[in-house]
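Right, one structure below, let's go through it.
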Amino acid sequence: MRKFKEFIVEKLILICGLFCILVVVLIFIFLLKEGLTLFKTVPLSHFLFGKNWYPISEPAQFGILPLILGSLLVTVGAAIISIPIGVGCAIYIAEVAPLKTKEILKAGIELLAAIPSVVLGFIGMITLVPWIKTIFKLPTGLTALSGSIMLAFMAMPTIVSIAEDALYSVPKSYKEGALALGATRWQTIWRVELSAASSGILAAVMLGIGRVIGETMAVMMITGNSAVIPTSILEPVRTLTATIAAEMGEAVVGSEHYFALFAIGIVLFLISFAINVTADMFLHKK
Amino acid sequence: MRNPRRTEKIAFFFLFLATLLIVIPVGLIVVIIIQKGLPAINWQFLSDMPRQGMRSGGIFPAIVGTIYLVLGAIIFALPIGLLAAIYLSEYSKDNFLTRIIKLAIVNLAGVPSVVYGLFGLALFVVFFKFGASILSGALTLGIMILPIIITASREALESVPDSFREVSLSLGASKWQTIRHIVLPNAIPGILTGTILGLGRAAGETAPILFTVAAFYLPRLPKSIFDQVMALPYHLYVISTQVPNVDEKIRYGTALVLLALVLFMNLIAIIIRYQFRKRKKW
Amino acid sequence: MVEKFIIQNLDIWFGSIHALKNLNMQIYANEILSVIGPANSGKTTFLRMLNRLNELEVNFRRDGSVKLDDIEICKMNIELLRKKVGMVFALPLPLPLSIFDNVAYGARMHGIKNKNKLRQIVEDSLSRAYLWEEVKDRLKTSAFKLSGGQQQRLCIARTLAVNPDVILFDEPCSGLDPISTAKVEEAMLKLKKDYTIILVTNNVKQAARVGDRTAFFLNAELIEVGETGKIFTSPFDRRTDDYIRGKFG
């Protein structure tokens, strides 16, 4: 009887492990099933490189190039802001800050990670957007730049905590060796530790960017959502994620529009898949 | 010649500046929301239905909805996540299957939340015909927090020293007995911490519930798990972008309630972790 | 003399490392067999083979036959084997439980639920490990509150509580002071009456003090085994003599 019970429990445990694979497969299958239907009527090249996203006009146009460029612009902007600040903060926490400060800073970073994106979007709307509008004298503050700044904040907790881990796990002997040779702490950090931790830091950056690309609510609330090819960072843009979130509510299940939004989902899934697998490889490269 | 000491000073100053650039805005965000949201908070705001197209009244149904969704997500995700973590840390051998499972979890953790929403829509709402309902939303959120629970639980399980396992096995306990009586009890704080962090995440997410459960305006409480509900994050989104002329106080108040709920969960997780570290016996 | 273990043509590998080479030996009932040898000589592998604890390693492989009471141990139910062959580890390793629960753990896992019976087993085992008098008033406190020597005797009591035939000691005194060591050794000598004891030790003098027979391992091979007196006065192999005299190790 005891044997039988254990047999059942152990099988259950295995099944739960396998469930994770099942979920990933299911996500992919369902995205494909709905998304690929679009390509019966719309050629793939028109979808990926079409310059117009007019999902409900007659005839509808499903070109996601403006959305891809919107996502790209916002992401690049966020990366430019968040990578130096995030990595700098990680170095400060890992190497410079005294122990007490370190604990407080880490708690602060965790706090930032915990703030829901809709709350950040709300705060961005109320504070950042008007500032951008007045500083740059724009007709609207809902721009790619506002999105980039807000998203940089969402990427930072990821970048800081993973990069800090990577720096922390550099063997002490490296550091002591360099210091013993008369290098200053900064020289040690710059020449020795950063290169020793480089693959971890790279992974941190990639995961941070992954977070930015996938972010939805804040972006939808503050980038202005106009689906045109952006020419400047001070213009409104619309991202892949925001398009899905904003339009799925109105799309009729089974319509071309509905399938197009799933096709965007496939694109997002593939991007995040590529980023995560690469980052994971960097993290486990030893 | 450049003076290395001075270079160091300048470099450290910039590092400090980078840190301030993160910490100060975080502090500001929290302070602003508390300062402007607190005047809106009173018993009526928390316990009343929204009125006049959400321009007055309270946020009670949104609070209830969020609680239902979070509970539903955890009922679904905790057992599966915990067992999957036990599989990975205690049973799995280093083979192809295990690598695939680990890869799957890494990917689940990185899938954008709006894609979870699409998935929930396609599988639960349309395919299983649950409709936009608490059930669909909770399952979607549950799948979203699964990787968080698995990763945290696995770390907690693996931090239990192997020597305890060996001792237990050497006394003739079976593998499952060892896990059940020695490994799990010592991993519980870590598992709890991860679970609560997952809960916090589920409570704050909007995109996965957009098309699976969230109701725009529904001033009554749900009667069954097949009902739609309002939810705090979606409600905040709605009153700040979709409904014109909402009193700013109500917006800030809603943001404060949501933030407080999420931070409260994180605080509990931090306290558990701290207590556990202090009491750790090995 | 009754043979407890019969080991024939045993080889053990961990991946590409050949950890035990072509081992043939017998272990007799109610003897204390001391096992000595330098680090990485295979003595701990030998010990952990007897209760199949080596199998926890992922790349473990073995070949040959090991019989306990004439039954091949690989064919025995593994929990039953480990119940019969208890083990005391190198460092005192109490489980994170109370003193009482530590001792009662094994018995509970084997299905004993009756409270009075458990109490009887705990008292009995602690007495035989010479610990009862010291802890009888604080059985509910954490086992981590005990001193190192007390913890090690608790581990012995915990092993006794499942009522084994054989007890394996893996360098049980390596972390202990001389007085605690003496107490543990005293316990071993008394236990010999009822149990077969195999003692792996780094301390050659300890092997001489408590062992009826002594086995010397070097580079994964058994060099020789025999009466302790004989090994220590006139060993067959020069390497044994060199090791005992401290020329290497």
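By letter and in written order, the chains are A, B and C; residue numbering begins at 1 in each of them.
The rule is short, and it goes like this: a contact is a pair of C-beta atoms (placed from the backbone, for glycine too) under 8 Å apart; a residue touches a chain by one contact, two chains touch by 3 or more.
Just so it is clear, the model here is predicted, and its values are computed rather than measured.
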Please state which pair of chains has more C-beta contact pairs than any other pair. A-B
Geometric centre: closest chain by C-alpha means: B
Of all chains, the one whose CA centroid lies most distant from that of chain A is C
Based only on mean CA positions, could you tell me how far chain A sits from chain B in angstrom? 17
What whole-Å value do you get for the distance between chain B and chain C if each is reduced to the mean of its CA atoms? 48
Starting from the mean Cα coordinates of chain A and chain C, work out the distance between those two points in Å. 55
Two-or-more-chain contact residues of chain B, please, as numbers and ranges. 174
Of all residues in chain A, which touch chain B in the complex? 6, 9-10, 12-21, 23-24, 26-27, 30-31, 33-34, 84-89, 91-93, 96-97, 105, 107-112, 114-123, 125, 127, 153, 156, 160, 183-187, 189-190, 207, 210, 213-217, 221, 241, 244-245, 248-249, 253, 261-262, 265, 268-269, 272-273, 275-277, 280
Residue set of chain B touching chain C in the complex reads 93-94, 163-174, 177, 181-182, 185-186, 281-282
For a test of understanding, state which residues of chain B touch chain A in their complex under the given definition. 4-5, 7-8, 11-12, 14-19, 21-23, 25-27, 29-30, 32-33, 79-81, 83-84, 86-88, 90-92, 100-101, 103-119, 121-123, 126-127, 143, 146-147, 150, 174-176, 197, 200, 203-207, 210-211, 233-234, 236-237, 240-241, 251, 255, 258-259, 262-263, 266, 270
Going by the contact rule at the top, pick out the chain C residues touching chain B in the complex. 51, 53, 56, 58, 79-83, 86-87, 89, 91, 93, 95-96, 105-106, 109-110, 142, 144, 155, 158-159, 162
